[in-house]
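Each of the next two complexes has subunit A plus one more chain, namely subunit B in the first and subunit C in the second.
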Partner chain A sequence: MQTRKEKYKTVAYYPGCALEGTAQPYNTSTKAIAKELDLELQEIENWNCCGAMEVKNIDPEIQTYLSSRVLSLAKNETKQDVVMAPCNGCYHNLKKAEYDIENKQKSRDVVEKISKKADHPAYEAGEVETIHALDWIKFGYGEEELRAKIKGGLKGLKVANYYGCMYTRPRHIFPEKDQGGDSESTSKPHYMDDLLEIAGAVNVDFAMKTACCGGAHTLSDSDMSTKLVLNILQAAEAAGAEVIATECPTCHSGLEMHQIRALKRLSKQTNVKVIYFTQLLGMAMGLSPRKVGLHENVSDSMKFIREKGIA
Partner chain B sequence: MSDFAQLELALDQPLASDSPVEAAVFLLHAGEQALENWLLAKDRQPTDALREGFRILALHRQGAKGDPSFNACRETARELVYHYNLVRLDPDHAKTGHRLQMMQLLARHLVFFIGGKLQEAGLGEFCCAAKPVRLNSI
Partner chain C sequence: MAIHEKSLIRPENIRTHDNLVIDGVDVSGHWSTFIESRVVTDYNEALEEEISALPGGEYIHRCWQCGSCTNSCTVNAVNPDFNPRYWIYLIRMGMEDELLRDKEIIWQCVSCNKCTYSCPRDVAPEGVMKATAHWLELKGHTEPSNSTIFDTEFTRQVVETGKIEDGRILQNFLKNSGQPLVQDWLIQMVKQMLRNLPFKFLFHLGWATLFKPKTKNWDKARAAIEEHIAEEKAEQRVALGLSKQEGS
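And now, the complex of A and B:
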């Protein structure tokens, strides 16, 4: 039987829309890490939107189909058994599609019907395993191996690890979590903490690891989003964090944008930096800030990172 | 019971009580009131039951019935309880001030999150900013 290390060595890569847009630095740093760790990412050709939040709200079955098409492409075109999605929204939706196709006849019917019309094989439950970038690095490369790969390290950088609301919820679509041992916890996720600790960070006790960032509220009620984000930023600072590490493009851009907005609209300044965990890992391995796209973040942390001696 | 605006205002102020335990009780109660507001807006009578020894957890469970996205504030409620326990267990601990500060931020998060969800209730799911925009454009 294949170990996870063998299984995750080469994966189908599903960046999703965000990583080609506002979260380009997450894409850049994920690819840079893959190269550094000799892990192979085979991007799924002709991938489509996972159905995100918009389609799901209008018709959840169509969202299931859209995600199933990505899974079908991973299996039948990219010829991979594992698809890695760094975006929490994509990861969540692929997992939800997997659950729905396995457990709901209606979902199976819709997927079969539209797949037939679209002329591609309908995805069947269990054909592909969906993993997050955190699983990919933790198990595909290995923690001890990662330790050996760290060069300068994060030099005791104080980090609040922020997972957002979609990485662990709803629990039933993540049957592999909460299984004890080295499985992820849905109430107190720790994979990002584990990896960044290996990279030399000091993780602070952060009470809002999975709190809502108000991301989806941004358009309809920006003030509420700003208040939610400000609260998260203040909680991170109160916990002693210098950086909030992120693994969700929606959370990341929300934290960055509303940090600025909180200053403009509410005259509330926070100084904590917002950096993707892949960027932090990459720099800990000796990659330059530019190589991990740090200069493309809205939250300007170039000077800070240099002052900390990380780059 | 205070409404969302009153709760937000109260949680924006420095804590009134010099007693850490009183302050912790106040903050836990603020979280309960946010959940009570949610339930009453949904025409449901807030429970007086306890879950794992706490009414706030029973209220959250009641509030999440039929609305799984409400679970996005489950850990916020649990963290509030966790910090409350820390303060109650050792009010003279050196970190009590910090723990109360965290409680205040957590209670505020509950108020903002639930208040936001209520605002959206007439427009569509909270977890979709597109729907109100789409409806308005039709």
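And now, the complex of A and C:
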């Protein structure tokens, strides 16, 4: 049997729309880490959007098809059996497509019908494994190996790890989670905590790890999102966090955007910084803040990171 | 989580008589406050079936009213009137009029799936919320919500090009939902984005407008997707007893 370390060494990479748009720093830092750790990312050529939540609301089977096309490309064009997605939305949707294609006749029928008309092989359940950037680093590189890579480290930075909704819910699309041993927990996820602890962070006890930021209505019901985000920011500060570490472009931009909106509309100021976990890891390994795109974040943490002596 | 008590006695059902004598006893005014007895006759017996016919509503029949969904609900914590368990009850009982009282807030479900996570009966209440919001719009009880306007714009772009571009989505959404593009917090955000990289940022914006991100050879997929969506829509309308085409 191939170990996960062997299996994840080279993966098909699915950045998704967000990482090519507003979440470029997540893309930059993910690629910088790959280079530093000698892991190979083969970007899927000519990918399409996974459909996000929006297409699901219009037509769930179309969202399944969109995600299945990405899986089919990973298998048949990139020729990989693992696809890595750093975006929770993409990761969630590929997992959901996998589940639906395996378990629902209608999903299979629609995927087959449209794939045929679109001239590409229909994806079949089990052809590729979808993993998140967290799995990729934790198992593809290894925790002990990562420890040896830390230069300077995070110097006791107090971090609240925020995973959002789509990394763990609904449970049935993540059959590998909650299996004991080193599997991820859906009620108290810890993979990001594990990696950042190795990098020298002090993880605070944070009850809102999987709370929802209202991302689905970030623009269509902004007041609701602002309230939900404010709860998360305030809880992180109350827990003593200086930074909220994120592992999803939508969660990340939601926190950044509504932190500003809470100040403008509700006069509620919060000072906790919002930083991608890949940026934190990269800096802990000695990469410069610019190399991990820290200057491209909306939430300004350049000065803060310097003051902390992290860069 | 506190239990939310809601008065079931609505002001319009309370009757007070100024002059009332019962069995020779004067019970006028304050003493004669009665609750109008209520007989519900206008059940929509097809309601549960109609919701089940829409995507997400398939498993509503499994609900045993435990309340875990409402108890875990993100939106309920902000607005106690947002109550998935109660709406599922009304739908299953066919109490359409009662459901319609909450028609303006049902679309606010943020799809966090906490309900689906905690439901012991695999009802997938998140799906039921979507199906119900969808039903309200198809039946003409509500205008398309901001959420629907957003989903429609997003889906339009994905179906057209295979990809989305966030700047364009934002602009078109604000336009379609009748909101101004110039909002204080948006300006502040753009300012913060411009802080360190004005050139690169403007370049990216311009680039995305000139060369919309696109998946190559997408035309066949696009046609097949459009065809499928049209078929599904027609089927749903028929299941709800509406004409196949909108507006005909």
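Methods note: the second predicted complex is superposed on the first by the 311 of 311 C-alpha atoms of A that agree within 3 Å, B and C clash if a C-alpha of one lies under 4 Å from a C-alpha of the other, contacts with A are read in each partner's own complex, and residues count from 1 in each chain.
Here is the rule we go by: a contact is a pair of C-beta atoms (placed from the backbone, for glycine too) under 8 Å apart; a residue touches a chain by one contact, two chains touch by 3 or more.
These figures come from a predicted structure and were not determined experimentally.
Enquirer: With the two structures overlaid on subunit A, would subunit B and subunit C clash, or do they fit side by side?
Expert: Aligned through their shared chain, the two binders clash on subunit A.
Enquirer: Please work out whether A:L134 is in contact with subunit B alone, subunit C alone, both, or neither, and reply first, second, both or neither.
Expert: The answer is neither, since A:L134 touches no partner chain.
Enquirer: Determine, under the contact definition given at the top, whether A:R261 touches first (subunit B), second (subunit C), both, or neither.
Expert: In the superposition, A:R261 touches subunit C alone.
Enquirer: Touch test for A:I275: subunit B only (first), subunit C only (second), both, or neither?
Expert: neither
Enquirer: Contact-wise, after the overlay, does A:I114 reach subunit B, subunit C, both or neither (first, second, both, neither)?
Expert: So A:I114 only meets subunit C here.
Enquirer: As a test of reading the superposition: which chain, subunit B or subunit C, is in touch with more residues of subunit A?
Expert: C
Enquirer: For A:I305, using the defined touch cut-off, is the partner it touches subunit B, subunit C, both, or neither? Pick first, second, both or neither.
Expert: A:I305 contacts neither subunit B nor subunit C.
Enquirer: Could you tell me if A:A235 is touching subunit B, subunit C, both of them or neither one (first, second, both, neither)?
Expert: first
Enquirer: Look at A:M208 in the shared chain and tell me whether it touches subunit B only, subunit C only, both, or neither; answer first, second, both or neither.
Expert: First partner only, subunit B.
Enquirer: Taking the superposition as given, does A:N57 touch the first partner, subunit B, the second, subunit C, both, or neither?
Expert: A:N57 sits against subunit B and subunit C alike.
Enquirer: Based on the superposition described at the top, state which of 110-118, 164-172 or 182-190 belonging to subunit C clashes with subunit B.
Expert: Among 110-118, 164-172 or 182-190, the clash with subunit B belongs to 110-118.
Enquirer: Do subunit B and subunit C land on any of the same subunit A residues, and which?
Expert: After superposing on chain A, subunit A residues 53-54, 57-58, 165, 169-170, 211-212, 214, 216-217, 219-221, 224, 227-228 contact both subunit B and subunit C.
Enquirer: Using the touch rule from the top, collect the residues of subunit A that touch subunit C in their complex.
Expert: Spelled out, the residues of subunit A in touch with subunit C are 17-18, 20-22, 24, 46-49, 51-55, 57-62, 65-66, 69, 110, 113-114, 117-119, 165-166, 168-171, 186, 211-212, 214-217, 219-221, 224-225, 227-228, 256-257, 260-261, 264-265, 295-296, 298-300, 302.
Enquirer: Can you name the residues of subunit C that touch subunit A in the complex?
Expert: Contact set of subunit C toward subunit A: 55-56, 74-75, 78, 108-114, 116-117, 124, 126, 130, 134, 145-152, 154-155, 158-159, 162-167, 170, 173-174, 177, 184-185, 188-189, 192-193, 195-197, 204, 208, 213, 215-218, 220-221, 223-225, 228-229, 232.
Enquirer: Which residues, counting only subunit A, touch subunit B once they are in their complex?
Expert: 53-54, 56-58, 165, 169-170, 187, 207-212, 214, 216-221, 224, 227-228, 231-232, 234-235, 238-239
Enquirer: If you look only at subunit B, which of its residues touch subunit A in the complex?
Expert: Spelled out, the residues of subunit B in touch with subunit A are 68, 71-73, 75-76, 78-79, 82-83, 98, 101-102, 105-106, 108-109, 112-113, 115-116, 119-120, 123-134.
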